[in-house]
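Contents: one structure, followed by commentary.
Read from first to last, the chains carry the letters A, B, C and D; within each, the first residue is number 1.
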Amino acid sequence: MRLGIMTGGGDCPGLNAVIRAAVARTLRTYEGHMLGFENGWLGLINNRVRDLDLNAISGILPRGGTMLGTSRTDPLREGGLDAIKEGFEFHRLDGLLVCGGDGTLSAAAQLAEQGLPIVGIPKTIDNDVRGTDYSFGFDTALSTVVRAVDALHSTAESHDRVIVVEVMGRHCGWLAICAGLAGGADVVVAPEQPTTIDDVCELIQRRLARGRDFSIVVVAEGARFKPDASGRTPPIPRRLDHKGRVRYGGVGEVVAVEIEQRLGIETRTVTLGYIQRGGTPTAFDRMLGSRMGIAAVDLAAVQQFGRMVSLQGSTIHSVELSAVRGGPRPVNPELYEAARVFFG
Amino acid sequence: MRLGIMTGGGDCPGLNAVIRAAVARTLRTYEGHMLGFENGWLGLINNRVRDLDLNAISGILPRGGTMLGTSRTDPLREGGLDAIKEGFEFHRLDGLLVCGGDGTLSAAAQLAEQGLPIVGIPKTIDNDVRGTDYSFGFDTALSTVVRAVDALHSTAESHDRVIVVEVMGRHCGWLAICAGLAGGADVVVAPEQPTTIDDVCELIQRRLARGRDFSIVVVAEGARFKPDASGRTPPIPRRLDHKGRVRYGGVGEVVAVEIEQRLGIETRTVTLGYIQRGGTPTAFDRMLGSRMGIAAVDLAAVQQFGRMVSLQGSTIHSVELSAVRGGPRPVNPELYEAARVFFG
Amino acid sequence: MRLGIMTGGGDCPGLNAVIRAAVARTLRTYEGHMLGFENGWLGLINNRVRDLDLNAISGILPRGGTMLGTSRTDPLREGGLDAIKEGFEFHRLDGLLVCGGDGTLSAAAQLAEQGLPIVGIPKTIDNDVRGTDYSFGFDTALSTVVRAVDALHSTAESHDRVIVVEVMGRHCGWLAICAGLAGGADVVVAPEQPTTIDDVCELIQRRLARGRDFSIVVVAEGARFKPDASGRTPPIPRRLDHKGRVRYGGVGEVVAVEIEQRLGIETRTVTLGYIQRGGTPTAFDRMLGSRMGIAAVDLAAVQQFGRMVSLQGSTIHSVELSAVRGGPRPVNPELYEAARVFFG
Amino acid sequence: MRLGIMTGGGDCPGLNAVIRAAVARTLRTYEGHMLGFENGWLGLINNRVRDLDLNAISGILPRGGTMLGTSRTDPLREGGLDAIKEGFEFHRLDGLLVCGGDGTLSAAAQLAEQGLPIVGIPKTIDNDVRGTDYSFGFDTALSTVVRAVDALHSTAESHDRVIVVEVMGRHCGWLAICAGLAGGADVVVAPEQPTTIDDVCELIQRRLARGRDFSIVVVAEGARFKPDASGRTPPIPRRLDHKGRVRYGGVGEVVAVEIEQRLGIETRTVTLGYIQRGGTPTAFDRMLGSRMGIAAVDLAAVQQFGRMVSLQGSTIHSVELSAVRGGPRPVNPELYEAARVFFG
């Protein structure tokens, strides 16, 4: 058996665990070969590849990032379909394991529909890929956010301040809501539950009335607001970058300014940004990544292509690769309800 | 609604998250009262109790341990049944939330069968309580072990040594196997998979043959060994303490001595002990504890007594309290198979 | 002996260690009393005070923030001198321990010159208070930054990106330079060593030429730039807040835009902000805080007022409180030279 | 300039920072060459060596252990002097940087007296090497111990227990005393301050009398006891290993048994062992290691051989290599006095 593996899309803790597990499973259990393609689809298109043996994966388990590099190259838009087919033939691949998020896996689904032997492995720190209960990377990102919220608590309390923490999550509030629940936030604003600035301020005021002179507000970068009593929505910046894509970020600062103006309480913003994508993966993510890497090789070994490994409850199953379609997966409402118990 | 809450058995990160959530849910959602009984069943028997309001739970979410204290008092053996019934009446309890492991919950099941309005919340760093997929505390303990294994890796490699890490797990290998998988152990010995010292040594030798001059061996304190080719089993110490109970611990040292003697490679032992029970809970455990605390109150509110909250897949359900019976819950074999991919 | 203690200025890990040590020393060694004034000078002016006994300080050592709260109230500007003198008399204080940074200690020096029995304890995460080699809080902040830089490294490397990390340090580069050295930054820009964007870009290019397609640039919030070859300096934002004070922050984003424009390499910014002020103090800071708290009480006991405790080398001494004057203490040039060895 | 570098003795966080800094300084500042000898003196004797260029040191800064491996080989006892001289000639070394503790540096001093161009770099997690105020590795080990003590606190408090923590330190109490001070221990027993079990128990009882039903006792592995009132000293085990060397460890368990027997309070032991030697180095240790690596190369560049780099206060100086002689460096008494303020 001769397999390839690649990692695409944004950085995500646990990718090295996947690669390590896939290599070990292929070489040890199936006595096969594994090729590592570099920088996402680019490696397959440009033939940047290396042989992955047991030495290659030594020591990578605790490391963030991906030893193969990544990119956001779209294999279809770049006219790459032919190049990719050639890559499969040139390297005599019996199968390709594709680790990626929404975008990478949607492309993979299309390639699989063209007959290419592909197995998908879902990856996202946002936890919003459809078809799996959890993706590796999310638990590590969540831990990073919660550690930050813990640190901010003491400062907020010492200074009698409101601190607004902006976390990742363009379309879904998994990180915001779970970090709110695990970090003890007093308000959470997520894309799935649009709110008003009035409501946010009221929750903070309820705390002031109880003698709690500080508050922690967690806001997803993709948080959405409804008009408040005065018909006004906060002016969320939605800049475009030089490629015309929406650049997120900035909503935290906007919310902080609104709170400070309305309540007259000193309010600060912290935008966690890329530190949420890095760091040594948690035990949970290393286990999930390892199990998914093993399961993906097992699927390839029985030629179950066009499928994606998936965590369902506490076991690893597989689903059609096309299951990733349908847009981001919203947060489980029970979690939001749980976080809301502690609001205000 | 007038509820009580207590924590029994060994210390476990996440107990404060449960208490906090139960108090917030009771006071905020149901406008009820919550009494905290101190030191397990003792508090109910001896009437050591305090009123838990929102101020009482401020700041406890990130802390290990339990603000209520704990004990291993058996409510039945101490002739406490009458005292406990009196406690229920005296405090006019509409329900009691009992957080505990195997032992505490078995007693709770018996009390519930006597008609006492009890809801159980499973708690164990060993993850071996029946009736739930995961218990809070386990993820934190696992993280502590994995951090230690990470630290030991560099020392083992720098010195060309074998390091044997003894972790908790008297009856089940959840911690050992998951830490082996997440920490990259080269051998794991767990109670569910008895092995021989020969097999352990062979795995280490296989690594030596590949030029890997160091190995990490993770051993559960309750690890069991079969006789090897020479008919010999390692002399595992099973001391009794002054109350006649089996004292675990020491198996790691025995395994290390055997390895050193047979292979002539310098071998060291690290016994992690009680640091596995402490520390700030992980985000996962804080969320799980919070969700279980909320769900337990919700059960009490609809008078679903004699039940225990339970994580099934990624949602919170409930099961009969008697579901905890039947002895410790063995580790999911898929996890052992996954860990085994990396052995040797 | 009847002492008071207060904490002023920005939040700083280790303040609770100081308070705990001062209380223990006063009560146990001298059998005296300790009063805790809340929210900086405000507590003394407004008579917000509590008795600090051994129970009050139980469990506070590992916590960030300050159990007494803090504020930036200026005791002199608020016409508070008389109020403060009254406070000393009303509470029959034999001495007051003042923990603070530059601003708080300068005020303390003036009060001491008016005859008030004050001992100063230097505190700053920026490490730029004069009169001491190190202040507690700095090591914790540095550790937070270095952990973030570690996490960003793997992302930068996986994506072939430049990441600009903006850290605290308005006037001095202690955090930036030390984090650069300890985190392995490829460029550091600090207030003490003005540079040009040309120079920054050249260092990144030197790495590209060596096949290192990623770089980490650490920039102090108060970084200053000289005009480059084209006579241009980057447009550093220096906003004023509603009280007319300079608001720092934003230089990282400016530098990132410049790098991206000139080199065409994808560049991202991370602004660490307030997480640098929080978190559980490191062992180093707990020790330094504890030793300073003890030494401050010892000074008060022998009526050495108008002085400030000070770490000189590895021992605790004291200096005149007026030693804090003279503006922020620039970073030791040897440290910058050490960090520079790894640039480019 | 053609230099070599080696690391000898026990594992110690920060060694990779030293190697990285020495390589960068040699190649970048002096345009020289650096050879890395593997496994301590063995590499020089057996000619196991590799060329260290800038790629070789990429990514090693945050890693524990030493990329060169280490051993406890004695260069003199093994008749290695001639082999070592040959190694110097064969590799045309202008100088050799030797990172090691007491033993390695004493040997280095002897070799230097024979005319070999050697520069020493002190390394010990115990902080007991003479000639420097601090060695890298100590701060990381201390942080590991303090994190463990923090975790144990919540368990001790929840269970009303005494927990005895045995830490490294055969001859000196640096780790025990500093961890006691930074971790908030209630008793510390160190080699420099022999005590009696009576005194230990009295401190615990004093706490019981104050209603503090738990205590943390930190004991150095080399702790010494005086006879108590009954003329009895606790039976500290001093086993010999198969090479006839004293094996430390076990004193914690002995102390715990004594406390439990005398006071009747449940007492547990935790022996931290090798996790104290591993893990990613703290910012402090990375800085100190980097600065020492740079300074050692600078000494070699001006042919100041037979010297050792040294931290004095907050600056790097150098001392005669023979300064390491005279036995382990006892802990600064001020630190013990500071820790003692919190006893009982």
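Here, a residue touches a chain if its C-beta (ideal position, glycine included) is under 8 Å from a C-beta of that chain, and two chains touch if they have at least 3 such contacts.
Here the structure is a predicted model, which means the values were calculated and not measured.
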Farthest chain (mean CA position) relative to subunit D: A
Geometric centre distance via CA averages, subunit C-subunit A, whole Å: 34
Centroid distance [mean C-alpha coordinates] between subunit D and subunit C, Å: 29
Distance from subunit D to subunit A - Cα centre to Cα centre, in angstrom: 41
Multi-chain contact residues (two or more partners), subunit A: 150, 153
Inter-chain touch pairs (all): A-B, A-C, B-D, C-D
Interfacial residue positions of subunit A with respect to subunit C in the complex: 7, 11, 15, 39, 63-66, 69-71, 144, 147-148, 150-155, 157-160, 163, 268-275, 277-279
Parts of subunit B lying in touch with subunit A, wherever the complex brings them together: 21, 24-25, 28-29, 54, 58-59, 61-62, 133-134, 139, 142-143, 145-146, 150, 153, 178-179, 181-184, 210, 212, 280, 282-284, 286-287, 290-291, 294, 312-316, 332, 334-335, 338, 341-342
